[in-house]
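Presented below are the structures under discussion, each in the form of C-alpha cells.
Both complexes shown next keep chain A, but they swap its partner, so chain B is in the first and chain C is in the second.
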Partner chain A sequence: MKTEMQLTIDRIKCDGHGLCAELLPERIRVDDWGYPIIAPGPIPEHLAQHAQRAVAACPTLALALARIARSK
Partner chain B sequence: MSLILLSAVVILGVLSSLRVQSAGWPRFLTTGLHRNLALMTVVFLALHIVTAVVDPFTHLGWLVAVVPFSSYYRTLWLGLGTIAFELLAAIVVTSLLRGFIGPAAWRAVHWLAYGSWPIAVIHGFGTGSDSLSVWFLVLSIACIGAVVMAVVYRLMYRSGDPLSAARTEFRAGVARRPDR
Partner chain C sequence: MSGLRVLAGPELTSGAESFADHTQRLGTPQSTGRALVETLVRSGLTGRGGASFPVGLKWRSVIAAKGSPVVIANGAEGEPQSHKDRLLMTTRPHLVLDGAFIAARTVHARQVVLYIGEEHKAGWSAMARALDERPEGERRIARIVGAPHRYVAGDSSAAVHLIDGGVATPTTTPPSTHERGLDGAPTLVQNVETLAHIALIARYGDAWYGSAGRRGAAGTVLITMAGGVNHPGVLEVEAGTTVEEAVAMAGGVTEPTSAVLIGGYFGAWVQAAKAWELPLDIASLQARGLSLGCGVVGLLPAARCGVCDTSRIMGYLATESSAQCGPCFFGLRALSDACSRIAERGANRDDLARLKKWAIEVPGRGACKHPDGAVMFLRSALSTFADEFAVHPAHWRQQPA
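What follows is the complex of A and B.
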C-alpha cells in the first residue's frame, strides 16, 4: 500500500514561533497572530526534506509529519 | 574557546525566546545556530576535558571528569568545571530526547543553562592557566558583558510572544476551574 506524508499541527502546543513558515513557505503561511496555516493535502516528494527540517525546527514540537495511507 | 562558544549559545537561546528577527536574520537562524553551536561546544569541551585528564603534569585521572570535587589538585575549581559540564550534558541529552520526555520536562532541565554558564565562568577564572593575562580577562569580560546584556534585555522585554499575556491568563483560568 502506498503512503504519503501529511503535516499536522498540534494547536495546543503551538506558540506561534513561526519557524515552520520560514522553512516551508511553499506549504505553510502564518495568520495575523503568527500562527501557521497549513495547505491541505499531502507533501509532494520534492518538499519532503524541507518539511522534515521544518518539523525538526519547531521549538514546541507542535508540528509533525504523519504517514497516512493514500486515499483512492 | 569553550567559554566563547558557551556564551554565544546562551545569548542565542535568550534571543530565540525574544523572537528576534529581521530581513537578514530569520528566526530559524537563531535556533539553528543555537543548536549547532551548542553541539560544537560539547565537542570543544570534550577536547578540553580529555587533554586536561591526560596531561601528565596533574595526573587527574578519569574520575575527576565525572565526580565533582574528587580532585586533589585545585579541588574547588576543577569541581566547578565538572559540574558545569554535567549540567550542560544534561541539557544536551534532554534536548536530543525532547520528543520522548515532552516539552515540560525538557524546559525544566533547560533552565539549568543559567546555572551551567556562570559556574563555567568561575571555573575559568579559578583554574585557567592564563586567568591573569590580559587577553583572557578581556575575553572573559566581553563574554560576561554580552550574556548579562542579553539576559537584562530579556527581563526588560519579556517574551517576544504577542499572545504571552493572553496565554498566561487562559492557563490560570483553566487551573481555577472548579470542576477539574
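What follows is the complex of A and C.
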C-alpha cells in the first residue's frame, strides 16, 4: 500500500516555541500568539528531511510525522 | 406539563418516579446483546450531548475494542442554557439508569459511572436515591462521580480524565474514549437523555421509535426553550417539529424576536425570519449547516442587542477554555476582547477584520472541540448580525445583562 507523510501535532503539549515554523516555513506558519498553523495535506518528498528536522527540534515533543495510507 | 415519551408518566412537578412505579408503568426492558445494537443502528438514534454521534456505531466499536468496557452516563450538562438533562435526572432517574445498565449488559461492562454535574443538586440526589432502589447486582457495579461546574467538563475525554485522574480537562484524541478511556479500557460515554431513549427502544423497538417524528424525522427530542418565550423550560417534541411550533408550545413569544440561537453556545444564531420554519431534527439542521447541539432554542427579543449578547457569551466561552491549547486559550480570549471592544466602544473596522481572520485560523486547532464550537457560534453572529457589527454604537452600559 502506498503511504504518505503527514505532520500531526499534540495541541496540549505544544507551547508555541515556534522552532517548527523556523525550520519548515514551507508548511508551517505561526498565528498571532506564536502557535503553529500547519498547511493541510501530505509532506512532499523534497521536504521530508526538513520536516523530520522540525519534528526532532520540537522542545515539547508535540510535533510528529505520521505515515498514513495515501488518500485517493 | 408532561412529555411524549422519555418525559411521559406522572406529573413532572411530583419529582422522581420511584422504581416500583417506573417498573409498573413500563415493565422490564428485554432486549440486550447483538440484537439491541442492531436495533439501535436501525433506529438512527444519535447522541444527545451535543455531538450527535450515531449510538449504534459507538456501541459496535466499544464491543469490537479490546478490553473490558466501562459505561459512563454523562449528566454533566455544563451548557448554562440547557436544563433537559437535570430535569430528566430529577424526574425520570430510572429511565436513565435502565439505559445505563442495558448498555452495561450489552457491551459486557464491568462498571458504570454516573457522571453528574455537581451543581445539579436535585438531579444528583434523585439519581442517588434511584440507584439505592436498584437490584444489588446493578448497585454493586455503579457509582456516582461529580462533574465540576465547567463548560468543558461534559466532553467525553474530560469525563474520563476526571474519573481517572481527578481533572476534568479534555485529553488529546485519538484515541477516542470508546477505543481507550477509563484505565485504558474501551469506554462508552453516553448522555443521560440518550440513555433514556435507549431504555425505551430496548422495550419497544426501532419501528416504534420511528413512529414519532414529523417531516421525515424519527423519534422525540428534549429541547430547552430560553429567552423571549412566555414559558421558558424543557419540552419533549417530536423530531422535525419546527421552531415556530415549539415556540407556540412554550406559550408564544413575549415580544418581537430578531434572532434565534439554535443549539446553545456551540450552536448558531439564525435570523428570526429564517428560523421559524427550521425543523428541530439533527439531520435537517445539519443539511443547513446548523446543529441541534444540546437542544437549546433561545429567542433574542428585538429590543436586545445581538452584538452585546454575542460578546457576553464569547467572554464566557473564553473563560471556560481549559487553557491547555494555545490557539483556544489565547484565540478565544482575543476574539472575546475584540467583540467587547466593538460592544463597548462601538464598531471599528480593525476589530471586525481581526474577528474574521481569527475565526478562520482558530478552529480545528485544539485537543477538543471547544474552540471549534465557540468560533462556529461567533461566525453565525458575524453573519446574522452583520449590519449591527458594522455600525454598532458604544452602548454596552445601557444593556442590562
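By our rule, the second predicted complex is superposed on the first by the 72 of 72 C-alpha atoms of A that agree within 3 Å, B and C clash if a C-alpha of one lies under 4 Å from a C-alpha of the other, contacts with A are read in each partner's own complex, and residues count from 1 in each chain.
What we mean here is this: contacts are C-beta pairs under 8 Å (C-beta built on N, C-alpha and C of every residue); 3 or more make two chains touch, one makes a residue touch a chain.
Note that the structure is a prediction, hence the values are computed from the model and not measured.
Asker: With the two complexes superposed on chain A, say which partner A:Thr60 touches: chain B (first), chain C (second), both, or neither.
Answerer: First partner only.
Asker: Applying the touch criterion given at the start, work out whether A:Gly18 contacts chain B, chain C, both or neither, answering first, second, both or neither.
Answerer: First partner only.
Asker: Between chain B (first) and chain C (second), which, if any, makes contact with A:Trp33: first, second, both or neither?
Answerer: After superposing on A, A:Trp33 lies in contact with both chain B and chain C.
Asker: Look at A:Pro44 in the shared chain and tell me whether it touches chain B only, chain C only, both, or neither; answer first, second, both or neither.
Answerer: A:Pro44 sits against neither chain B nor chain C.
Asker: After lining up the shared chain so the two structures overlap, which partner does A:Asp10 touch, if you call chain B first and chain C second: first, second, both or neither?
Answerer: second
Asker: Need the overlap of the two footprints on chain A, from chain B and from chain C, as residue ranges.
Answerer: Correct list for chain A: 13, 15-16, 33-34.
Asker: Hey, which residues of chain C end up touching chain A in the complex?
Answerer: Going through chain C, the ones touching chain A are 171-172, 324-328, 330-331, 334, 358, 361-362, 365-367.
Asker: Can you tell me which positions in chain B touch chain A when the two form their complex?
Answerer: 16, 19, 26-28, 31-32, 98-99, 103, 161-163, 167
Asker: For chain A, which residues are in contact with chain C within the complex?
Answerer: 10-16, 31-35, 37
Asker: Show which residues of chain A lie in contact with chain B when the two form their complex.
Answerer: Per the touch definition, chain A meets chain B at residues 13, 15-19, 22-23, 33-34, 57, 59-61.
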